[in-house]
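Going in written order, the chains are labelled A, B, C, D, E and F, and every chain counts its residues from 1.
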């Protein structure tokens, strides 16, 4: 019954949070409203998210997000340098293949997103069965290092969170 | 009352043949005959009073604002004509029963004939000249039907149209003339007009009125130069010819000349125009008649000639001449109708009407010959028949006319009379004397029913001829007294003494006529060799030219060129607006201007550049669309800057949906617009659109820089937003409260749009050409890139969808107080679902969960309507809103407003409409060979969903 | 907040994003690939969001904030639609 | 507070500009993709943070809504980048590295289109 | 600023009309869009320009922009969206049934 | 009375979505749809009976000029009745001929169309007029392309595009009106314009011309008529017949404009509008009459005859006197019904053979009779109301010999054209086989003609009533007072 009512409990929680972000004030009335909406909306959209992703640890996920945000800030400075100061013909852009061992589509998507949001790399494509990502790196004198860092820094963490 | 009934009876009877034909042809004819007879009897019952000098008037109000009444008048003139119409009508009805063949639709014939009889009776009985016009045009229409009765023949159709064109056209002139006449007289009632003769003749509008009325009369009574239609009307069945084209319709023109004689005659204009027209018609008709081989054509031209004679008499303007005219009308009606019916018999019995093929019928058809002899000798003016009497009187009148030199008119009249003798004798001699010729059918006398009507008429010819004072004088007196307005007591005699010039003119005419017939062959050669204008050819050519010109103009004007139509509209609007502006005062505004700041200026630069780029790159359609997206973005930001947050939200969301919609369509459409305008055309378009743009820019500037002369009504909206409507967002309270009715209409527009898209898609999917082209499109499509539903997109969508709906809910609820509302919320929800469509495709998405967008739209509109109607419960007008506050512990106090339910309706409609729109285009794409996806994303994760 | 430092910083931020607007416009016009133009418009949207947020800071009114949120939420739909059109032809398939 | 706000605004402006500048300066389509998808997002992020704090500073209270904008930008930017990359890839397949698996890169994987045209059934629940 | 807005209205109108005159349905639709932008801006401007004066009633606000034209423009935007959707699908239908997308008939439509 | 005024709008607005919900059940749709048309007819007659003094309906209970108001006066009641009558007959025809089956949502669109028309006739607010124009237009777009098809779609695009341009123009005008007067209520605009400072005159005049331009496009006045022939000739027959009222919407709006909103009496406007209308009207009549003679197909002929009738109507409207307005209103009723009849006949013809004016298979005799009667009505020949209408107009145009000449000559051209078309179509037939007449459909056409006959017979009382309506129009004091506004 509960499963049926809340097909994605984490999503429902996030939606409640979102409501408060939106109304920007704490009130019991808002909570009631949020609860109603957080129940109804996942029910309405459940058909489009048919299976329930496995989430091993919410704290780990939050920690992961914090890590990514931090990486984004730091690495942005590097990209800024490249954009501003590196002569255009010295920029070594290249495509890199990153093999993926993740199985959960949510996890793969998160990894791909992370790669794009952290500066210097963009997830350009994925192969037909989701076992490899095509990465474009803005300036990659050492492509293997980039691949390894992605695997160790992000993929490993995601594996722990989702699988 | 009786008068109205007399006029109405034929019309009522026109309804019957269609019913009585089921009881047989005789019954069909009998009902028509009975109606005519009844009308005749009613008329006869009124006759003594009229003959005693009484004028019977019956008036029924019809259209008082115009002065049109159903006014009927029975005086001597009306009695005379009505008697002719109904009397001859009965004979023709009887005759037609036997004349028409089994293949003819008799019910239709009698319907038309009775319509005509009614119209004709109406003309002569009308007291109101507008009513007369009604009947007048009705005679044109019903005769159109009668002439075209044998519409399988080209002659029938063409003759009918020619008659309608001439008489109907003349009728239009008559309308104008009558209206002027009525305006001069101050009334359209003859009773009044008849008393205003002097005023009318003195009026400055007399001449235009006269000319217009004469146009009507001359066309109707086939006066030169409008005589040409009459011979072609002979395509009608002979009874029709006998009735319409000898006794009645053509006499309508004559009747009107007589009716208006007291007001219009007696002026030089009248004298010269009418007399000349009559004279010309008399001569031309008579001469042409002589050389016609077709019996009916001969009679037709002779009719023209005699009508000319009568017109001539009326033109002379003296009571005496008018009296002769009346007498001749009577005589002509009798002998000419008899002749036509005889011609019909000959045609019917021999199978031909060609005088060259006929001969010797005297022995084969003795009865017919007797009738024909009496009638044609009367037409020739042979004493003692009635034709002789009126001809002598006519010749006498021409002597006193004073038309140019004293000898002119008598001489010309005598020549006319000579021709008359010649063609009358030719009818008789060439048809009945000489050796018998082989004819298509073996001729013999017809059955009683066919010869009795002409025989009756022939008897009248003889009777009037022998006893004019007993049989006819009283009627002529009554008619001519009523015509001239003076008491007339006519003296008709066979012998006026040797001193009478008419006698010698008559003798000369006989001699000349007989000579002409004797020398027919050489005359005929001369005639055949002489060049003659062929009226029909000229008329046809004129009509063809007119029609061709009309077609050419119409084709050129309405050739379906949208761009030219737009250009013309644009030029017109620019020019008229400029004119309107230039012809009034304008003072520049005095409002302080907003300073130009950098960021808005940059935004402006982007807007202008994108606009120009979208136009310059318009041939690359995708690029053009991209630039349009930029314009939308800048406008959204601009609205945000200019204190219009609601507009910004709406613009942003609408923009997204529009782009998706356009791309969906562009998928099928050509990707490039070809270069097809000439430089000149582009220049024209630039000039036109530039002018319009400049004008609007100037208007916008003038508008923004001035203060309103009056406080705008929105001051009230601002003041009442919170206390009156219960919301702090004044834009939203206007939308759902103050002007909720606009919004009601607006969501209906959106709902209708969605219905149209659905209906159109259905129709296209059922349309062979469209589905063929879709299949073709699928086959010729270049290989697209793989991965139609990338995993990343699907995952992001799964995340965004619920959050977007949350945002939609948020904006919906706060709309009354802050930017947002049902419309934006609906659009956001729609975009969220569109995203789902884009991510996993229409097929997959709909297979997971099918939403009936139709029902959503319907529910939305119904919700809004129900909210509006809810106010009725409290006796308040539609869409009256209410709001209040509720406190439910432990919750905080919150506001409720009926406007929110209304807004829910808006939300549902918008959501349903947008989804329906995209869904429709998506369905077309499905038909173009696209297959629904099996999985939500293409990456094969082995999930087997 | 009337602090001059803050005012200058705000003006600087405005100027930067304004200039960014112009740069994206330049890329939009020169292309060369359709992808570049689409990217330019996408960046324009981001810049517009930033400008709206900055304007909110300047006026102290959060009213336009929703507009920024909507742009962030729906702006990319247009970008994706254009890409999908170029890649696949059909936007919804 | 003012200093933090000012700093954030300067950072916002700087990164925003760099993002757009990269769009002009970088020479190849794939390279240009990097600049706006991140530099601009950091710029925008800083501006949003400034906006949140500004509410606190001028007494209107800390504003949380900005977080949502950030979330939406973070979620949508990778999709934009993904699609734009695909667009670039579709016109230049030559110099791509191998996938290392039997399946090619999705943009060139024709088998993805050749699936059974069977409509999936409604989920049984 | 008023001059700039007026110029933008004029330019949008002119470009919109120019595209409408371009004989094909797609430019026609784009042109109509530009025209509707122009008219929305014009209608909006009928309430005069007023930055920083949102029409949200509050105790602190001293003045408001005119909310009525905004409401009118909202209605206009919605209606124009519906109309655009209809003409887009009609153009598509015409293209699919006729095989070309000219707006002008081929010299008289029923000859 | 109170809420009856809004019912002509609300009733179809509720019925139509219900029909959408019943979209899979045609019989039910037909029954409900026709019931709706009948109800609207009854309703509008009831409203007509109460229209002697202007009645105000304040939507949302907001006072004029701040909220939207509906105003029921003689003119709006007349238009409601005319619309409902026409709609009912045409609706029955569409069902009888099965036109409603040729695509989805016919009945819903039809009711929405009526809603839009009724709303436009009732509203006392200029922007709301725009909104209802859009409602009636978009519904008409749907009806126009009902059943789709190549030419219909292509003509439809022109129709839609031209009207979208017109709608844009309407909005420009509205913006200008609001910017200058600060109001949208029609009566209030009249009040404000009368008191407008001279410096604003030029702007309001431009707005006035723009408004007239919009309405003239709807009314198909030359040179803004180009959209009409293609649209009407390609629209489904019953839709074209219903569209007979569409040009009258333009006429209605112009009547309101030149008598109430922006009257010649106002110093800013003066004779500007009527001066522009008259030449346009004369050209319209000429173009329509020539087109009637020159048309190659019956549907086109019908369309051009419709244009001609617009020309005649506007000659009377442009004359702008109570007497001329009375004549105009009478002619308006007549021409709406007559135009509808000719379009239905054209539909009957084109369903049996192609519409070109050449010989073809024999057509049923009753159809020929109906054509003959309709042609008489269109050409303005007696005995039908067209003749009386023209007489009334001519009578109102005393002292304008050229207009007389024009009207009469146009009648002549139309007689020629209609006679040519009729004799070719109905008389010049190749095959003797007679198609079975659709009795119900022909009855619908006959009903239209019966109404014309009734209009003829009852011309006296009808014109008396119309004279009252015209007097109301030319003295809008009561209308303005009903809005609770001070007289200018």
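The rule we apply is simple: a contact is a pair of C-beta atoms (placed from the backbone, for glycine too) under 8 Å apart; a residue touches a chain by one contact, two chains touch by 3 or more.
It should be emphasised that the depicted structure is a prediction, and the values quoted were computed from it without experimental measurement.
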**Item:** Set of chains adjacent to chain B and to chain E
**Value:** C, F
**Request:** Could you name the chain whose Cα mean is nearest to the mean of all protein Cα atoms here?
**Result:** F
**Message:** Using only Cα atoms to place each chain's centre, name the chain farthest from chain C.
**Reply:** B
**Asked** B-F versus A-D: which has more C-beta pairs touching?
**Response** B-F
**Prompt:** Looking at CA centres, what chain is most distant from chain F?
**Reply:** A
**Request:** Could you please state the distance in Å, as a whole number, between where the Cα atoms of chain A are centred and where those of chain C are centred?
**Result:** 22
**Asked** Roughly how far is chain D from chain E, going centre to centre by Cα mean, in whole Å?
**Response** 31
**Message:** Using mean CA coordinates as chain centres, what's the gap between chain D and chain F in Å?
**Reply:** 56
**Asked** Which chain A residues reach two or more other chains?
**Response** 18, 22, 47, 50, 112-113, 123, 125-126, 128-129
**Asked** So which stretches of chain D touch two or more other chains?
**Response** 14, 21, 33, 41, 63, 65, 68, 72, 75-79, 82-83, 86, 88, 90, 103, 106-107, 109, 111-112, 123
**Request:** Going through chain F residue by residue, note those that touch at least 2 other chains and give them in order.
**Result:** 127, 131, 134, 138, 141-142, 145, 148-150, 155, 157-158, 161, 165, 172, 175-176, 178-179, 184, 230, 296, 300
**Chains touching one another, given as label pairs in label order** = A-B, A-D, B-C, B-D, B-E, B-F, C-D, C-E, E-F
**Request:** Provide the residue numbers of chain D that touch chain C in the complex, in ascending order.
**Result:** 2-3, 5-7, 9-10, 12-14, 16-17, 19-21, 23-24, 29, 32-33, 36, 40-41, 43-44, 47-48, 50-51, 54-55, 57-58, 60, 63, 65-66, 68-69, 72-73, 76-77, 79-80, 83-84, 86-88, 90-91, 107
**Request:** Provide the residue numbers of chain A that touch chain B in the complex, in ascending order.
**Result:** 11, 14-15, 18-19, 22-23, 27-29, 32-33, 37-38, 41-42, 44-45, 47-51, 103, 105-106, 108-110, 112-113, 123, 125-126, 128-130
**Prompt:** Can you list the residues on chain E that touch chain C in the complex?
**Reply:** 52, 54, 56
**Asked** Within the complex, which stretch of chain B touches chain A?
**Response** 787, 790-792, 794-798, 801-803, 805-807, 809-810, 813, 836, 840, 845, 848-849, 890-892, 894, 936-943, 945
**Prompt:** Given the complex with chain E, which residues does chain F contribute to the contact?
**Reply:** 127, 131, 134, 138, 141-142, 145, 148-151, 153-158, 160-161, 164-165, 167-168, 171-172, 174-176, 178-179, 184, 230, 233-234, 296-297, 299-300, 355-356
